Structures are given as structure tokens and as C-alpha cells.
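Each chain carries a letter (A, B and C) given by its place in the written order, and its residues are counted from 1.
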Amino acid sequence: MTAVAELMDYAEVIERFDPVLGLEVHVELSTNTKMFCGCANVFGGEPNTHVCPTCLGLPGALPVMNGKAVESAIRIGLALNCEIAQWCRFARKNYFYPDMPKNFQTSQYDEPIAFDGYLDVPLDDGEVVRVEIERAHMEEDTGKSLHVGGATGRIHGAEHSLLDYNRAGVPLIEIVTKPITGAGERAPEIARAYVTALRDLLRAMDVSDVRMDQGSLRCDANVSLMPKGTSEFGTRTETKNVNSLRSVERAVRYEMARHGAVLAGGGTIRQETRHFQESDGTTAPGRTKETAEDYRYFPEPDLVPVAPSREWVEELRGTLPEPPWERRKRIQEEWGLTGEELRDLVNTGAADLVAATVDAGAEPGDARSWWVQFLTQQANAREVELADLPITPAQVARVIELVKSGELTNKLAREVVQGVLAGEGEPDEVVETRGLKVVSDDTALLTAVDEALAAQPDVAEKIRGGKVQAAGAIVGAVMKATKGQADAKRVRELILERVGA
Amino acid sequence: MTDLTRLTAAELAAKIHAREVTSAEVTRAHLDRIAEADGRVHAFLHVDTEGALAAAREVDAGLEAGHAPASPLAGVPLALKDVLTTEGIPTTCGSKTLENWLPPYDSTVTRRLREAGIVILGKTNMDEFAMGSSTENSAYGPTRNPWDHERIPGGSGGGSSASLAAFEAPLAIGTDTGGSIRQPGAVTGTVGVKPTYGGVSRYGLVAFSSSLDQAGPCARTVTDAALLHEVIGGHDPLDSTSIDAPVPPVVAAAREGARGDLSGVRVGVVQEFAGEGYQPGVLRSFQAAVEQLRELGAEVVEVSCPNFAYALPAYYLIAPSECSSNLARFDAMRYGLRVADDGEHGAEEVMSLSREAGFGAEVKRRIMLGTYALSSGYYDAYYGSAQKVRTLITRDFTAAFERVDVLVSPTTPTTAFKIGERVDDPLAMYLADLCTIPANLAGNPAMSVPSGLSDEDGLPVGLQIMAPTLADDRLYRVGAAYEVARDAAAGGSLVHQVPELEAAK
Amino acid sequence: MPNISRDEVAHLAKLARLAVTDEELDVFAGQLDQILDAVAKVGEVAGDEIPPTSHAVPLTNVFRADEIRPGLSQEQALAGAPAAEEGRFRVPRILGEEQ
């Protein structure tokens, strides 16, 4: 076991050092197929069932670029305000590792498809920080290994490993920031806000599932400290295995405190890869390599260069959605929200979803109430982020529409949403299969009303005598008889009609 | 009865399609010949007797039912270099590491051969992963040259060339990274063509050097090679470097050439490919061939390609660099030989021990050479510079082809050398590819066609013809014209002078 | 003039995952030195102004439609595996970390 690292009090870190951040985010694209072959790009599945000679690295197999992935890469570059390369190539990054079938990763090296951009990142208090983007490049994902034997299921102590290549070859975009300086005490917050803004942007673009829990968005955080008043960057560490937005903030904060303690104690920081441990919020060193890796990059001879025409680039620019933060600004004005109300919406992750629901035709008030109340409860119950609930804004908008048109009551609508969340299909399908339509056929309702009145002649007499409020008992009986699928207001009307009150 | 193994592919196809003979009979005759000769020659690593006969019977059944033949070569047997994957048929690349590998898929070349009704007899011997010029680097023992069993059949495709010269197959497929189709063709008195890079799909061709590898036809006549070229050529969406253009009209060009008129054709003799290191008999055969071209009406001029002198060193940087990466996948994890998996050794050690056990000396040498050339600090001086030489070679070709239609040279500086003669001297071995490498670096097509026997040792010599990118048809026009004229002057095809099995030492 | 040492060859062998023997190290060191000496000749003409060529035929933008193509079954995928378990490739224990 590694010894517990000494940590410096955070306030002292800030007093004595300036932090420098660098964030590398890997995004798995949600294309139908992998980067270089026609295998399905899906999460999970029976092991080694989404594989072919190419992604298994069989002798003789060759890669062919997925045009949709290139298109997504260019769109991402444009959304990050990058230059798009006139001409660029893939390279081979050579290193041996069992989860990489060819023992080289096909990746862009010194010729990224997109470079020199920026992302304006809104912080919690409304301040906006510009994060400079160094590059966004295309590459492929590796397979997954399962370590068998040993106590932890991790590498250490394992007796052997099992490999599944379903993920091998899934298209990845790696987005690298330039060094982020001057962040001061807000460095951890900025790191989280950057990844959040990036995630929201990519989601709005519909290019990735951006699920940190499933690894479709992964963040490596580079952290270094330099003593106040100096301008030479300190030695950095790269923290991997940061699997949630909260962890991004924690990992950066932890590394700052650890670096601070090491440096203040006269020690030196070793340039290394560290792993974030969700359980206690610490980082642990990976195995140190005896020699620096020499990846022996060279241009990939099996793929030809990508030379996107300026017409194509401009066409793709036209497909970019309104950036989420601009949309938020717009909805704040349109809905007359206070800054605090908007922030609540944003913080619960509901703002973009509400906006998308409104875009899909719902009233802002209805959309807000669905996401902030019922769906937030559902997300909490399932311990997932709101946006990760398996329901789309369009589906929510449809449910709202069904309520508006009187085809669903609010109670039924919640059942429909449960059905959608349970994977039973579109709202209309759930209404159909669960038989949840409001009973609006007066004939059927009248039968129920007549039966209820006949069953309680004394109540019927009271109503007839002018005690209209007594109708409530009959309404209740009808609702019970129709299993709540009747519109209570209409039932009441029919009762009054029937007794001639 | 005619010896079916002595006929050309075109003759066999004509007889099969005319129902004079069945494909099964033709296939059986070649299988019998393999049984008789291959114990001496060792051209094959695997003979697929049942599969070949089944494919032949299928062709026969189609013809019997009145269907048109699937291609002009339907029913004709072929020997396939063991570097192209064949579903369910062993594919070893001449390496121990793939000793028991059964590919789960067909290469595009294999698929096109099958679709064309061509009968695949088996897989031919080769230098391990196509690295070599003599087929001595095969893990399964050398192939012998049918002209002299003490000598090499060329390489890396020595099994394919020897199978043709030993009349075990009328057609073969080779792959050419630095001359592995043409040089074996030259030293066995057979025809071999490296098409334009991108002209034949590389999908399923186990890569040695991806930017240089190209599969192509091997045959005993230029016309047969052309017929085979049209079967295997053409765009393949599974190979990103495949050219999306029609196959050049090579069969028509061969027919036109066979009429024996080359007037108006400008032929350039590459000045740099002569002199020291060239066997005098080879140069004399080459001179006679040039004279023959002139007699056919060609205008012959001398052309200088000054950077060709740098082709060999550039090649021995680019090919090893790419191979060091291409062969990384042979790591004993997913397929291939695994040793030392005893629970003691970790994955990294098992990889290293398995690669050490699975690869031969030449493969290891080139992997290390390539690893060095790509290392940071050396990249610019080695790999980077080699790629610049590639540009210079292409410029030399471009300049030359502004003046002439084709270039000619000897295919290889010497005739077949003795088995064992160069194994301990890699640099001497590499010289065998001196003249063939420029076309691999620039990607343009080239052919070797027999130009007779060297007068001092009585062994075959090849004439190399090179054409501009996508002008593969010019090779066939000039090659066929020359072949017809040479055969007429010599009183028959060179390859028919191959000694009988017993007569060869 | 290259002059590659035995140690350098050992390093290359390690990078290339080749567990070469001591005798091989001696032989390869001599041969690699000789070959590198010969191929270093490319430096004579590789001027700064000359662009490198990575691809023999100058094609660009070769893309595939984003459509699923049938691949291999799990059984086919594992058929050539030296060892398999639970539908996965079984390999000796992996030391070190994921990249």
C-alpha cells in the first residue's frame, strides 16, 4: 500500500502557488459504426460480438475511415472555435498493450483535424472564463480488459486477464486545452465547469452520449504548481480515472494540495500518471516506467490524408446548434427567470433539457415543472444525472401535449413517463400498451355514472335536492370504477346532467 | 493425350470452356504434378486437394448447365502466395508464428479469384512475411529453383515462381514490396507483374510494408498474366489506398503487343542500372533484349535517373520501419504462436518470448532496424530522409516518362544464386532488389519478362519494363511484343527449356 | 556514421518485444551497424526543400458510409486464440497500467 500523501491546507496552496491546469478530454462519438470498420459502435454487449478482422487486428485487415466520424470531428472543432486543417493525416502510435489489437493506436499526431480554438466557460456565479483549446484530434478506442484473480479485480495481484474487443476501434475525439493559468483558487471549479460546458455542448450537438459513468466522456487532468511570482511551469502530474464532474473538481483540488505539500517540504514532483480513487477522493501513482515511452509515430500508410474542402467545412458550420449557454441566456429572458432561478435550473442540469422540451413545443412552465420535479425525483431515485435519464425532451413534450389535449390526466401522464423510463417505447406506445387513455367516451362514462348513482340512491337524491357538493362521492366511485382513467371534471358534469340538477 | 500442365492458362481456359476437358481433369493433372514434383521443389506450403477439386467440379457443373464461364480464366488452377488470407485454409506467411492459423476471412484477391471460378490449388512458400529475395527465410524450408535445385527461385515469392517453372500451376499470385514478384519471375524464366500501387486490393494481404506492398499476377506468358491481372484488379472499398478507376486494358494491350509492332513506342534504357555488380551474361541478355525492341520498331534512348542509386537505402529504411509496426500485432494474445504461458510469466514476457520463438532472423533484424529508424532522435535522419528520397525517385520517373513511354532495365543484377550463398550477408542479399525497388517507392507498375538465358551459366534472365502510374497496359503491350519476338527467334518459350526433375541437380 | 552498440540493440529488442539471446545481440549489433551505415546514404540527397512522400498514390478523403457491416461471430473471433475464457481472449497477467 502506498503511504497516505501529505496535503497542504488549500488556502496555503493558493497563498504560495499559482496552479496551472491542462485538461485532456476523450469523447467517444455516437456513430453507428466504429472509426475504421463497419462493426456496431454500442456500449456493452456480449464480449467479442462487435468485432471483425479490422478491429481485432487480424493479419491482412485494413482500416477505412468512417466519414460520419470525420464530420463529427470537424463539427466539434468548429463548435470549439478551432481552425480546421486543410490537409491532415493519421499516424501510428506504436506501443505494446494487450487491449490494443494492432499494438499501435491509429491516431492523429502532429496534424490534428482541428486546432487553436477556445471555449467560453460559464462559472456558477455567472462569470465566464475563456479556456484556450490547443487541438482536437481523431483516434480510436482500445478494448477492455478484465483482471481475474487477486482481491481487487484490478491489475495488481491478478492471475490472468480476459480481453473483450467490442470497444476496440470506437471513434474518439481527444480535446486538449492549452495550459490554463491564472485560475488561482478557482482552478478546481474551472476544471469542472470546463468539462461541464464541453459535455453540454457535445450533447447539444448530438455527437456523443457524453456519459462519464460509461466512459463515453473521460477526462485526464494535468496539474502543476509554480511558486507565486515565478513564471516557469512546475512539473505536472496527469490524473486519470476521473469518472464524474464532481471528481474532476476533487482530483484537481487534491493534486494541488498534494503538490503544495511536496514542494513546500523541499521535495520534487515526479512527472507521472496518477489514478483518482472515487472512494476517498485521493490519487495514487501508476507504475513508473523505467524509460520514457518512445511511440515511434509515423504517418499511417493504410489511410489516405483528410483534406476537407472549405465548402464542406462551411456546410458543417451551418449545422451547429445554438450553444447551450446562449440558449440559457435566451430562455432566461423569454421566461422572465431571475438569475437565481436560471442557476437552479442549470445546477440541477435541467436548463438545457427544459429548453429542448420547449423547443419541442411545450409551454416553459410545464416543461420546467416536469424536469425540476417529477423527473428530478426519478433521477435521484436512480442515482443518475438528470440528463442521463432514458427520456428525451421530445418525449416529455409529447406527454405534456397529451395532458393539454385532455387525453391524459397528470396522474396518468406520470405513469406514461415511468413507462418511457422503463424502456417501453415512445409515450404513445406506452399509452397504448398500458391502456392509459383517459376515458372520454361519454357512453362508457355514463354507464359508470348510472351505476354509481344507482348504487347510492341517497346521494343521488341529495344532489337532486341541490346539494351539488355531494356529487364528490359519486365522482369518486366513478373514478374508482374506471381505474382513474376518467376525466374527473367531465364525470362531474355528467353526474349533474344525469340527476337533472 | 496432351500434358495439360504444359499448356498456358489461356489454352486451358479455351479447352475447359469448349468442354474438351473438364476443370476437374485439369486440376487433377496439376495436383498429380505437385505430388510428383513438390517433394523436390517445395513450392507449396499447403495443397488444398479437396477444396481445389470441389471448386473445379463447381465450374464444370456450371458449364454443363449451360452457364457462361464466370471469367475468361474460369476453371484454371492457380497457386496462391501464402501471404493472402484464405478462409479456412492455413495462411502462414512462411512464419512459425502463424503455423496453425486458419483465417476467418478471405482476402479481396482470394474472393475475386473464387468469384472468377479460378481453382486455388494451395498456398505457396515464401520468405517469412515476404522479407527476403531467395525464399530461404521461410520457416518451412527453402524452395528450389526448377532450373537448378541447388539455386534459389528468387524471393520473396519463390514458391509462386517455382510452381510455374515446375509446371505445378499455370498461374500464380505474388506480392511485390521491393521486387518479390519480378525478381523470382526473372530467375525462374517466368512472367511477373507488379501493378500500379492501389491497382489491386491489399485487403487480406498480410502487410509487410503497407505503402509498398502490391499483389500481382505471375504466369508463364504475358497474356496469361494480363488475364489474371483483370481478374484481381479494380477498386475495393475495403482498401483505402485502392484506386477508384477502371483496370487499365491490359488484355487488349497484350493482344495488340503480340502482333509484333512497337513503332512509335519510345523505350528508355535506365543508365544507372549497369556496370559494377552486374553479371556480364545478364547485361548481354539485356542488350539483346533492347536490340529486339528496336527491331520491333521501338525508338530506344538512354535515360538517366540519378536518384535511383538512393532507392535501395531508402527502401531498407521505409520497409523495415513499416514492418516493425505491422508485425507488432503478432504478440501471442489473440492468435498465433504462444510460448511460456506457464502462469509464471506475465503478458509482456510471454509476448517477447513468443515473438522471439516465432520470428526468424531476417524478420527480427528488420523489426529492430525499423524500430531504430523510427525512434525519436533518429526519425529525421533515417525514415524522414528516406521519404524524401521517395519524392526524388518519383520526380526521376516523372521526368523520364516525359521523354519515353516505358523504361527498361535488367530485373535483377545476377541470375539465381546458390542456396546458402548470401544468407549470412544481408547487404549482399539486398542487392537482388536493386533494380526493382524504384517502382515500389514511386508506386508505378513494372513487369519482368524472360529475356533468355545468361550465356555463362545457362540460367534465366529477366527484362524489367516500367511504366507510368495507371499505365499498366503499356507493360503488357511492350512485354507481349518482346515475348513473341524472343520466342520466335529462340524457337519456343524459354520456360519449356526447364530441365526435367531428374535432370536438375 | 551510426555505430550502434550492443546496449542499443538490447534496447531496440526490448522496445520491439523480442527476447533475443546474447548470441543474437552480438550478431545483430554487427549487422545493424553495417546496414545502418549503408542506408545512411539517404541523407546525402534529402535536402530541407524536398517534401517527404508517405503515400505512393496521392489520394485524399477516402471515407466509408456509417453503416453496419456484418463482422465475426464470437466463436470465429476466438477460433485462433491461444486461450479463451467466458467469450474473451485469455492472456497472462498484465503488469503495468492501461495507457
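Everything that follows uses one rule, which is that a contact is a pair of C-beta atoms (placed from the backbone, for glycine too) under 8 Å apart; a residue touches a chain by one contact, two chains touch by 3 or more.
The structure presented is a predicted model; accordingly, all values stated were derived computationally and were not measured.
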{"item": "Chain whose averaged C-alpha position falls nearest the assembly-wide average", "value": "C"}
{"item": "Pair exhibiting more inter-chain C-beta contacts, A-C or A-B", "value": "A-C"}
{"item": "Centroid spacing, where centroids are CA-atom means, of chain B and chain C in whole angstrom", "value": "24"}
{"item": "Computed distance of Cα centres, chain C from chain A, in Å", "value": "37"}
{"item": "Length of the line joining the C-alpha centres of chain A and chain B, rounded to whole Å", "value": "53"}
{"item": "Multi-chain contact residues (two or more partners), chain A", "value": "53, 56, 64-65, 96, 98, 159, 161, 163, 294, 296, 298, 301, 303-304"}
{"item": "Sequence positions of chain C contacting 2 or more other chains", "value": "15, 17, 54-55, 59, 62, 64, 72, 77, 89, 91-96"}
{"item": "Chain B, residues touching no fewer than two other chains", "value": "101, 104-105, 211, 237, 240-241, 324, 328, 331, 333-335, 343, 347-348, 351, 371, 375"}
{"item": "Complex contacts: residues of chain A adjacent to chain C", "value": "31-33, 37-40, 46-53, 55-56, 64-70, 87, 89, 95-100, 142, 145-147, 149, 155, 158-165, 273, 275, 286-287, 289, 291, 294, 296, 298-299, 301, 303-308"}
{"item": "Residue numbers on chain B that touch chain A, as the complex places them", "value": "84-85, 91, 93, 98, 101, 103-105, 107, 202-207, 209-211, 237-241, 321-322, 324-325, 328-331, 333-335, 343, 347-348, 351, 371, 374-376, 379, 383"}
{"item": "Footprint of chain B on chain A - complex, ascending", "value": "53, 56-65, 92, 94, 96, 98, 101-104, 159, 161, 163, 294, 296-298, 301-304"}
{"item": "Chain A-facing residues of chain C, complex", "value": "11, 15, 17, 54-55, 59-74, 77-78, 85-99"}
{"item": "Footprint of chain B on chain C - complex, ascending", "value": "4, 8-9, 12-21, 24, 27-28, 31-32, 34-36, 38-47, 50-57, 59, 62, 64, 72, 76-77, 79-83, 89, 91-96"}
